[in-house]
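After this come two complexes, each holding chain A, first together with chain B and then together with chain C.
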Partner chain A sequence: MTFLRQWSLIFRRELMAMFNMPLFYILCGIFFLLTSLVYLLMLLGFSRGDDGMSVNITDSVVRPTFHALHFFLLVQIPLLTMRMFSEDRADGMLDLLQTTPVSDWAVLAGKFTAAVAAFSIYIAMTAIFPFTTSMLSDVEWPVAVGSLIALVLSTAAYLSIGIFFSSMTDSQVVAAVLSYVVIFLFAFAQVFAEGTGIIPLMDAARHLAVSEHVAMLLSGNIAPMNIVYFIVLGFVFLFLTARTLEMRRWRS
Partner chain B sequence: MTNRTTKRQASTVLRSVPVVLGLIGLVTMVVLGAVNGHFTTMHFAIGFLSITSMIGGLFWLQEVAWKQTVATIVYSVFFVFCATLVYLISANRNVRFDITRDQIHTISPLTRSMLNAIPPGHRVVAQIFAPASQHNQLARLLENCERESSRFVFELYDPDRDLDVVMQLGGTVRKGTIFVSHVNEEGELLARVDRGEFSLTNPLRESVLTNAIARTLQDENKKYYFVTGHGGKRLDGSDGSLTKLANLIVGSTFPIEGLRLAEGRIPDDVAALIIAGPARDLSAFERELLEHYLDEGGDLLLMLDPVMPGGEQLTNFEELIDVAGALQAPNLLVIDPSAVNISGYAFTPLGIWADHEISRATNQAPFSLVQSRPILANPNPPDDIEQYGIITTNNRAWVERLEDLRTLSRFTPPSDPDEIGVYTMAASTRRPTPGGRFGDEMRMVVVGDSEGFTDRHLERNGDAALFVLQSLNWMRGEQDLLQVPPRRLTSTPLNLTATTAWMLAGIYLGLGLLFTLGGTAWTVARRRSK
Partner chain C sequence: MIEVSNLTKRYGPNRSVEDLSFAVGEGDIMGFLGPNGAGKSTTIRMLAGLSRPTAGNATIAGFDVQSGNAELRRLMGYLPEQGPLYLDMTLDSYLRFMAGIKGVSWRRTKMEMERVTEMLNLKKERRRLLRNLSKGTRQRAAIANALLGQPKVLLLDEPTSGLDPAQINDVREVVRSLEGKCTVILSTHILTEIEHTATRIVILSEGKIAAQGSARELKQAHGSVLTITARGDHEAFDNVLQRFLPGQHDIESVDDGAMRVRHVYKDGIDDTRSHLAAAIIANGLELLELRADAPSLEEIFLRAIGKGREAA
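Entry: the complex of A and B
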């Protein structure tokens, strides 16, 4: 069985598992409604000309909404990734998988891409905000599309962190807690560093912090560096997950 | 069997200790930092150790032989190192794409030309002392500049921590100061300018940096002299002073110093004289001194308010600008019925930018003066004089005598329609002065009001400041070079009625509920069918 075939099997299985999980719809629904609320409030503030809002709708409404959505995703992701390996570890499915000729990387890639695909559908739903606004005003579509891509990339990076911790433990709660800790550290590294006032640390945190790269992409200031960052971060945690799975094989 | 289980449980508990300790360490770091209001190196050391302990502990929990664990850790560290290297390479070969319509993340062509004007082998070093919260934003602007020219270097400092740099630069550094130094091939300092301009609420503008670079490259030590001794506007920080404007001038161009004309001498390092809102007239001696200064190619910015009934007439000022610049500023009041009562002032005319070298590099957004004299061109100017209007009213204005002020509340237009039209409220004049002590050309800008530029009005009247800055630049022939217009986002009006808002709320709510309830129902149905 080729790697592609193995991956496709796992991908389909995981995607269906994700879509068969009521928690996915409930969490995504709740956060979609919250994002809608944020968006509508900003839209009303913009139409009233509230203080602190610029004259440009993309800058004042669309971009801050996607920023808020980014933080909502931080909260959601560990809750949905906590089960990805922990559940399989706990019910023995992982042991079973590891005895089949399916490679660890195929399992990992299948689970990861399925999670990214499911979240991409959810993120694509939020395109309704700039779409409806473009009927009432002039939205900068390149910035809006760039923001959606930024959200998908950051989601993929967070998912890889969540999957890594899920692969480390049988307990979903422990996996979720550890994922939250590390995701929040990555997300807010810059805030912590700014508090120290140590410039080399702040410079390092500027490169390390997810929120900094997301902010650049959301503002329409795109550098290959930002995209490479998300790819590298995702790969690092996927690699660590692969190592964990391999260690498990040794133990078996 | 029970013994083995107990042993196994004890082993798991033992192997969980590093994870638990790591978690406790991380929580402690965040809580301590939050309580102290800042994070120190100690917090970071705790955080780093905690994460290492947590991840190491998690690997240990996998219950694999030490050899494999160590191999995994080494392999992982190597991979992380390679990944970091890939990222750093991409960061160093940083290319940016500004996909915003207004190109708000791109440096202006003026800044670009200034950076490209740095001579080969020379370096311009910007040392910036900024609040930590501004470092990221500053770094983006400065990285853009660095990308444009490898001869530009920047260093970000914290004045509270980098005391050695502070001492090296003179010990008077505070947050919000930018030093720009020009260094030649041998590392010799050719020029250094400092700008103490930006703050938390007023971040560093690109124009400040561009102007500082320009000044460093020009290596000039000029000053603006603010003429005192005529009861005019002051620079004392009060609401009625021009302190904010003066700070902007210093931040963008040259320093300002006070000058009393009665002392009988105008210094050689004068960039231009500024006279703002005099309440007392010039003496004959002072007028002669200024006439001589202008004949020698000096530059003058004069803000001449209308004189209220009972005030001292400013005849010598009026005659000076007529003789030297063929401009007339009769003591009349411009009435603009479209802009009355703006900011609670009765005679506020709205200033519209005329086509002029000064206005071309600005956004040309209208701004209001408080009460203005008309500035008229002498009908018979000498051949060598060029005069142009800079700020005018709209075509519905007229002028009134100030003695009639009490009856003006009715704002009845004059019966003669010829008196209604466009009036100039600021004008420029230039005259060649070959071989003059102060330059080969005299340039003068006269404005019919000074009150609109005071601290009380300036912040709400943003382009008023731009007018003065650009006038000063024009007087030095640098109007195209030095004023980087601030980036403005395109206005995108929103046509949102209450009905549309409710409709949008309905669509979003509907979609959210459809996704949640539909998805949940579907999963339940699928589970039941199985």
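Entry: the complex of A and C
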């Protein structure tokens, strides 16, 4: 009960802070502008038969749109997570919270779930694309649902990475830069590994790269393995964040 | 209530706090006095469980401050040096949030918010956004937060920073009203703040305790100055002084042929003063002045930190 109350207080506080930020609305606007543009271009290309072999609107429009959505999301996430702990660290609020009975896990869970909730609004709005497409032609719904699940899961994992780096520094800029580096490494591990030509590295990257698991979900393959991957990735960074908060107390 | 034993904090080779030992009884208000950089905030952070001591230990209500015990945190109110706030919240929503975080029940939250806003004279500001409040009002809001939930122990790090004289007086009254109800450690470098509120004073210098005790004990320990000014025969004056205040006296000449001597004493000499006055008059001298001055806290503070610096 105590944990739930503490979590709910932090969750509501963080959600409110997110909605109070002009940056949230600016990024939201940019996100929908770009994704709508991509969607319209794909739709236009499909109607003109640009690729010359498109017979399936899901493959030609829905899936590429969601690939673009995934990329736009991972670009935005560090900009919104960078303040989550850095700001509290810099202005002493984290110190104050750590002298109250609230547990580090309640603070972390509150902040993480608030970020997931805020981004779920983004993602829920992207459902408009498969729905619009279904008015024009038949959509493969497992692919559309898999795409939405892929976005939610990958977003949650990226958020945990962003929150982790935010917990490590007082500087929001440093938190954002470090988050970008690690998120891009995870997102495109396979591309980087292929560049080296080392086969074991390429194999490892295939399992570790977010893009691989996202691609599988985008193809409608909602296998438990893909879902477990994102849950583990998210949990590892949340655990590291909790350890960072605990260590901070003893290193100062 | 608070026991500190050989508490030491070093940052690499730099010593921040060295071998501090003191105790604060239940309901006492302890003034933590020292120049900037003396180690006051470091000590308070260690007591708040935010910083790990390099050596020594401290307990609050029997709990080791390093334990991170939730029960201990429930007992404690803390005001960091720069009272942090969520500036995008109204005072009411901030206090409600913090009351919840501190585990104050829903039923008590409203009463607690009424109580602390009344104490800090913040009733009119309750619906205002914290970012729109003046610096002094924000500081009072941070103090109100520290008082939420009626903590048994209150750690206040520079509570009056940024306040105007009237607000300083208000906060001083609030702290004084806590005597006997709450154990308070109040850190400051403003002497009057301590003199009027603290029942016990610890003076820190260069990370070490330079002096400690009640204001009265400190004044006694540092000695008062008895000033005697008389006119008449120099030898007779010296004889009278030797009878009542044995030792070497430096008798200085002042205007109009008067003589003045200053004698530093530590024990009470109330009886001696009246006999001395009578003897001066009986010896045909004209007594112009007989005054005992206790040293001000400022003098004690300056002497104490001077010694601390010499020792360091």
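Brief remarks follow.
By our rule, the second predicted complex is superposed on the first by the 247 of 252 C-alpha atoms of A that agree within 3 Å, B and C clash if a C-alpha of one lies under 4 Å from a C-alpha of the other, contacts with A are read in each partner's own complex, and residues count from 1 in each chain.
In this section, a contact is a pair of C-beta atoms (placed from the backbone, for glycine too) under 8 Å apart; a residue touches a chain by one contact, two chains touch by 3 or more.
Remember, it's a predicted structure, so these values are computed and weren't measured experimentally.
Within the superposed three-chain model, A:138 lies in touch with chain B and out of touch with chain C [touch as defined at top].
Residue contacts after overlaying the shared chain place A:58 against chain B, while chain C stays out of touching range. Of the two partner chains, chain C is the only one touched by A:17; chain B is not.
In the superposition on chain A, A:221 makes contact with chain B only, while chain C stays out of contact range. Look at A:95: by the touch rule set out above, it reaches chain C but stays clear of chain B.
When the two complexes are overlaid on their common chain A, residue A:235 makes contact with chain B while staying clear of chain C.
After overlaying the two complexes on the shared chain, residue contacts for A:192 are found with chain B alone; chain C is out of touch.
Looking at the superposition, the partner that touches the larger set of chain A residues, chain B or chain C, turns out to be B.
The residues of chain A shared by its contacts with chain B and with chain C are 20, 250-251. The residues of chain C lying in touch with chain A in their complex are 45, 48-52, 68, 70, 73-74, 76, 78, 80-86, 88-89, 97-98, 100-103, 145. Residues 2, 5-6, 9-10, 13, 16-17, 20, 91-93, 95-103, 249-252 of chain A are the ones touching chain C in the complex.
Residues 19-22, 24-26, 28-30, 32-33, 36, 39-40, 43-44, 46-47, 54-59, 125, 128, 132-133, 136-140, 142-143, 146, 165, 168-169, 174, 177-178, 181-182, 185, 190, 192-199, 201-203, 206-207, 212, 216, 219-225, 228-229, 232, 235-236, 239-240, 243-244, 246-248, 250-251 of chain A touch chain B in their complex.
Interface residues of chain B facing chain A in the complex, by the touch rule stated above, are 19, 23, 26, 30, 33, 37-41, 43-44, 47, 51, 54, 58-59, 61-65, 68-69, 72, 75-76, 79-80, 83-84, 86-87, 90-91, 93-102, 104-105, 132-133, 135-136, 139-140, 156-158, 160-162, 489-496, 500-501, 504-505, 507-509, 511-513, 515-520, 523-524, 526-527.
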